[in-house]
Amino acid sequence: MVKAGVIGSTGYAGAQLVSLLANHPHISLTYLGSHSYVGKRFSSIYPSMQGSCDLVLEEEDIEGASRRCSVLFLALPHGMASKLVTKEILERCVIIDLGADYRLSDVSVYTQWYKSEHTSQHLLQEAVYGLSELKRPLIAKANLIANPGCYTTCSILTLAPLVAENLIERTSIIIDSVSGVTGAGRVERTDSLFCECNESFKAYGVTDHRHTPEIEQELSALAGQKTVVQFTPHLAPMNRGILSTCYANLKDGVGEDEIGAAYAKWYAEESFIRLMGTSLPETRFVKNTNTTAIGWKVDPRTRRVIAIGALDNLIKGAGGQAVQNMNIRFGFAENAGLASTVVNPL
Amino acid sequence: MVKAGVIGSTGYAGAQLVSLLANHPHISLTYLGSHSYVGKRFSSIYPSMQGSCDLVLEEEDIEGASRRCSVLFLALPHGMASKLVTKEILERCVIIDLGADYRLSDVSVYTQWYKSEHTSQHLLQEAVYGLSELKRPLIAKANLIANPGCYTTCSILTLAPLVAENLIERTSIIIDSVSGVTGAGRVERTDSLFCECNESFKAYGVTDHRHTPEIEQELSALAGQKTVVQFTPHLAPMNRGILSTCYANLKDGVGEDEIGAAYAKWYAEESFIRLMGTSLPETRFVKNTNTTAIGWKVDPRTRRVIAIGALDNLIKGAGGQAVQNMNIRFGFAENAGLASTVVNPL
Amino acid sequence: MVKAGVIGSTGYAGAQLVSLLANHPHISLTYLGSHSYVGKRFSSIYPSMQGSCDLVLEEEDIEGASRRCSVLFLALPHGMASKLVTKEILERCVIIDLGADYRLSDVSVYTQWYKSEHTSQHLLQEAVYGLSELKRPLIAKANLIANPGCYTTCSILTLAPLVAENLIERTSIIIDSVSGVTGAGRVERTDSLFCECNESFKAYGVTDHRHTPEIEQELSALAGQKTVVQFTPHLAPMNRGILSTCYANLKDGVGEDEIGAAYAKWYAEESFIRLMGTSLPETRFVKNTNTTAIGWKVDPRTRRVIAIGALDNLIKGAGGQAVQNMNIRFGFAENAGLASTVVNPL
Amino acid sequence: MVKAGVIGSTGYAGAQLVSLLANHPHISLTYLGSHSYVGKRFSSIYPSMQGSCDLVLEEEDIEGASRRCSVLFLALPHGMASKLVTKEILERCVIIDLGADYRLSDVSVYTQWYKSEHTSQHLLQEAVYGLSELKRPLIAKANLIANPGCYTTCSILTLAPLVAENLIERTSIIIDSVSGVTGAGRVERTDSLFCECNESFKAYGVTDHRHTPEIEQELSALAGQKTVVQFTPHLAPMNRGILSTCYANLKDGVGEDEIGAAYAKWYAEESFIRLMGTSLPETRFVKNTNTTAIGWKVDPRTRRVIAIGALDNLIKGAGGQAVQNMNIRFGFAENAGLASTVVNPL
């Protein structure tokens, strides 16, 4: 059994991760760090986990934790992980960071979007962007894995085959995404109160959401040239789920056949991607799973493709992909401890 | 036009009250006090109110406000109003307090349930319990009106005819109530986050909720003897609404006819009470209105009556009843500025 | 008092319309036709309306109703109104059709999108497209008013100034919309069950939703040339509300100033349009009102404008705009019986 | 691997059962019968199950199915199972009926509450009431297992120790329950539409819900004398979950210690019952699990106990307990294929 720890374990992403690790066949959950609940049992914060994870929450001490664990997950606000991780820690412990600090390889892009200096530039070259399906060989060898954002994972997976196979006009990409409220984290703020979210729908982060440069970085790499996207997130009154509706102009000669072939070529063998063709995904189809479902339609009137991806933001969009990356890194079966289909359909 | 002010105007109860006052035919809304948003426009906090109430929020200054307004509403956490109100203020300004400080006439009961000393005992005898339908003559002359709690209003109105007409066993009363989440106020706490309330149901305040002594006080007065009730509130994943399911053993000889006659006798002429008989109320039937809907069934197997009341916790349960009380106090039509039926059924 | 009737009065759009008419200062609600509930009281189907509208539902008889009423609203599935309306009826009664039959002036477009023949071509030239803010002079004289669709109203109002002022590339328009579930009507089908909609989000009608040609017809008229749009509706787990996120490439030299000036020029005087600038609308801001709220952002990176409109699909998107059109047609104050701000903010 | 089949597999209870059986370590899912979807794949009705259960739905043929399967689950409207099951079928196949037909051992009680004749009286004595924790020895040998109702399971498990240990007044029991909307099944009716349930709360079946006699039958058996209860179900706007708030007068001398001891005596060893003491359960704590969580408070003022039970109505309240019963009957580990804690806390 591999010993694992989580720093930032009581936020929504952290707690989802804990619940997956607690049921993982090859993992011994050893350490849970918390900012706010030191000394309490994890299951007193999440009573649903009684009997499944009753560990006592400890101080957030990456130094000590990295000596007790072979893999350490960080689920912290941005800017914090990069202050904690060191070369020495990475030599003895695999770090999987669910935050944003190591996702952007170009420091100037980080500075531009996050409006702050990067405090750990020297480790950026060690970091691998942990989009499991696209980076397996690198993830398998990395000691610092930057787990992608939730919108990012959904958007990149939905668009990757179209961009990589050169089927769409790069400059025309528009990603219109919707998330459930767990995406805002377990933070006490007015905007996240039940009555402020319930029975309403809104856009936010229009033109400046920080997942934009991640998407651009990865699509640019796939395209072989700089790719700029329009990304607009929205908030829907539900707990979980992301749906990304992606628009792009088709290149000449590209139609449904080419689109379908590209998706099949890239994903037919992937156990955590479900291709739905023209029967489109709904977020509930992948709720509580690590699966990304993708469907698409070609519009002959407008010569556009509308590709729609759906995933569970806390699983494939956070804790689940972190476990998937750990599985790749440690040589476990890639689906160990992860569900690809919903156990309970509602 | 009567000048009115609100202290604590940006909480949910306060904001609902503001929206009613802003549309009231006889009121000039003159002063809005706020703890957290001084200097901002009310409509910047509640953009839905743009054009309807764009007043700038001011410091909470009851002294000054009572000189500018003829009626002042207090929507504050318990224990605060009783520190602010004075005899002098009451001489020049009608105070309608939506908090708990002046609801209980027996100071020892207050101390027992609120675990704190009452700081304004000398004014308690001036206060009238503002349950409009039951206290009209007193409200019409009072300068200090203690607006009842939301659960309280629903429970007392539902049970009053049964208790007053001596149709049920006083010791058998059980009130099982459910509220929407606005009842918890606009307070930044984990329990009120969307994802903590959504898709779940729970009881809280079991055996010790502070609305219990209010209900007992008023039912005791109606019964002519001390009446103890079992009151259990629950939280449902919706914004608004309270439903109280009230159980009591029938006295000998009492059946459906007597129950129906009692409700008709007490409420047939009330414009804000809708008697539904055995077709029972749902909270949506009274959402966004000042109406309390009441239905009932007699169970011949168990010799109990199950009486069910429903109201909108922010209107009849808070701001609406406050306006109703103001209307009574100032001699306006009792329904001025208040809706008794839903304009929009969903 | 003008006598009004509604055919199809128990669906969601019809019921919303009834509730507005029942409270309208110049209307005497005279006739309610229903397919399924003949002989029952309206308020037995919608108990929230008890005391507000207790009319008995009658057979759907447009002939008879048009003799009893001066204005008749039709809220029927598409293809039905055009079988019922005749020249004779239009001579004695103003018809406001909330359905799709008279919205498209080009019969071939109707046939293409609705996959059926149009049965009332001879009356199409009499019909005026009832988008109140854009067609006032025509509406004021029309006896057959085709009330626009919900998505349509939101999309056209949001884009009209940008298209008419020639600020955006016509071929680049993408409209990504979201609706609450009342948009699906009060129809007993699996897709609309609580548990099938709750906690999920999906796109539907991708590339072929029937509101597309309406939007194109009106934007083409504003642009002075044929305009094709990409329109994608989605379903969110809430009762009411539409949010349209509209994307378009800016023409050279166009920036925030030009965009803002165009909106001000077109809408500054409109009582039912609220311009929010870069502070964007949420559907709750206009819930239960006839207002459309519009905000926008210019993205300098992509040279696009993202304009976001929000409205209540049952009011401005259906019954409210129908009343607004009636007000225009009958010379009432345009806001008679209609709220522009929310009485209850939650 | 034991071959299993389900008749009525596409309703919510049936589908939940299918999803559990599809992932069960000792079961080969062999036959799925459907009334409405014959010839379609199960996963086309529930796309979330793609890859997990792609069986083609067959005609509902209990005769044929009982020859192909060793265990057959019936998830049918009441009155249908009793027309299908025969002695011959029971000789070759274990029947686990999720409906009501075999739950009541007294035919006259069935007739009284279901208002119809029982068509299979001769098999009633073969049937065992499948409340797993209370009937294990009988279940282990039964060929006809009557799986209890959802409210029933929650209510009986919550009250059993108090009744059996003679701690409460039998005549004082009041059960106030709340269910999510899956409890209404996947039936196309107006009452179950999203917009009719969302943002509202109601009681239904007051005094005459059919789960009442089940609860009385089992509590009477535990008490050793006839026990009548007051049972009132409510509907909350959420997909899953039942919470039962149970009230009873304490016998003399009974206090918190005796209550706690009784629960511990009965349930301390039960893997699917979580005793929470005075920290009360919420439905989300057991969502997606087979666990029943129970908490309680003693009210010294009223001398009552308030015991609160929570379960997932589709799992412990339907499909999960059916699997648990199968596990008992076939000698599998009782928790095979069943989760006792939530994998995903939200």
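By letter and in written order, the chains are A, B, C and D; residue numbering begins at 1 in each of them.
Here is the rule we use: a contact is a pair of C-beta atoms (placed from the backbone, for glycine too) under 8 Å apart; a residue touches a chain by one contact, two chains touch by 3 or more.
Remember, it's a predicted structure, so these values are computed and weren't measured experimentally.
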Pair of chains joined by more contacts [C-beta pairs], A-D or C-D: A-D
From chain B, the most remote chain by mean C-alpha position: A
Euclidean distance of C-alpha centroids - chain A vs chain D, Å: 37
Centre-of-Cα separation between chain C and chain A, whole angstrom: 39
Inter-centroid spacing, chain D versus chain C (mean Cα positions, whole Å): 46
Overlap residues in chain D, where contacts from two or more other chains coincide: 12, 182, 195, 198-199, 237-240, 281-282, 284, 287, 346
Graph class of chain-chain contacts, one of line, ring, star, complete, other: complete
In the complex with chain B, residue positions of chain C that touch it: 12, 15-16, 19-20, 23, 46-52, 182, 199, 239-240, 274, 276, 279, 281-282, 284-289, 293, 314-315, 339-346
Touching residues on chain D, where the partner in the complex is chain C: 12, 181-182, 186, 188-190, 192-199, 237-239
In the complex with chain C, residue positions of chain A that touch it: 174, 176, 178, 180, 195, 198-204, 206-207, 228-230, 232, 234, 236-241, 243, 245, 247, 280-284, 287, 297-299, 301-302, 304, 306, 308, 346
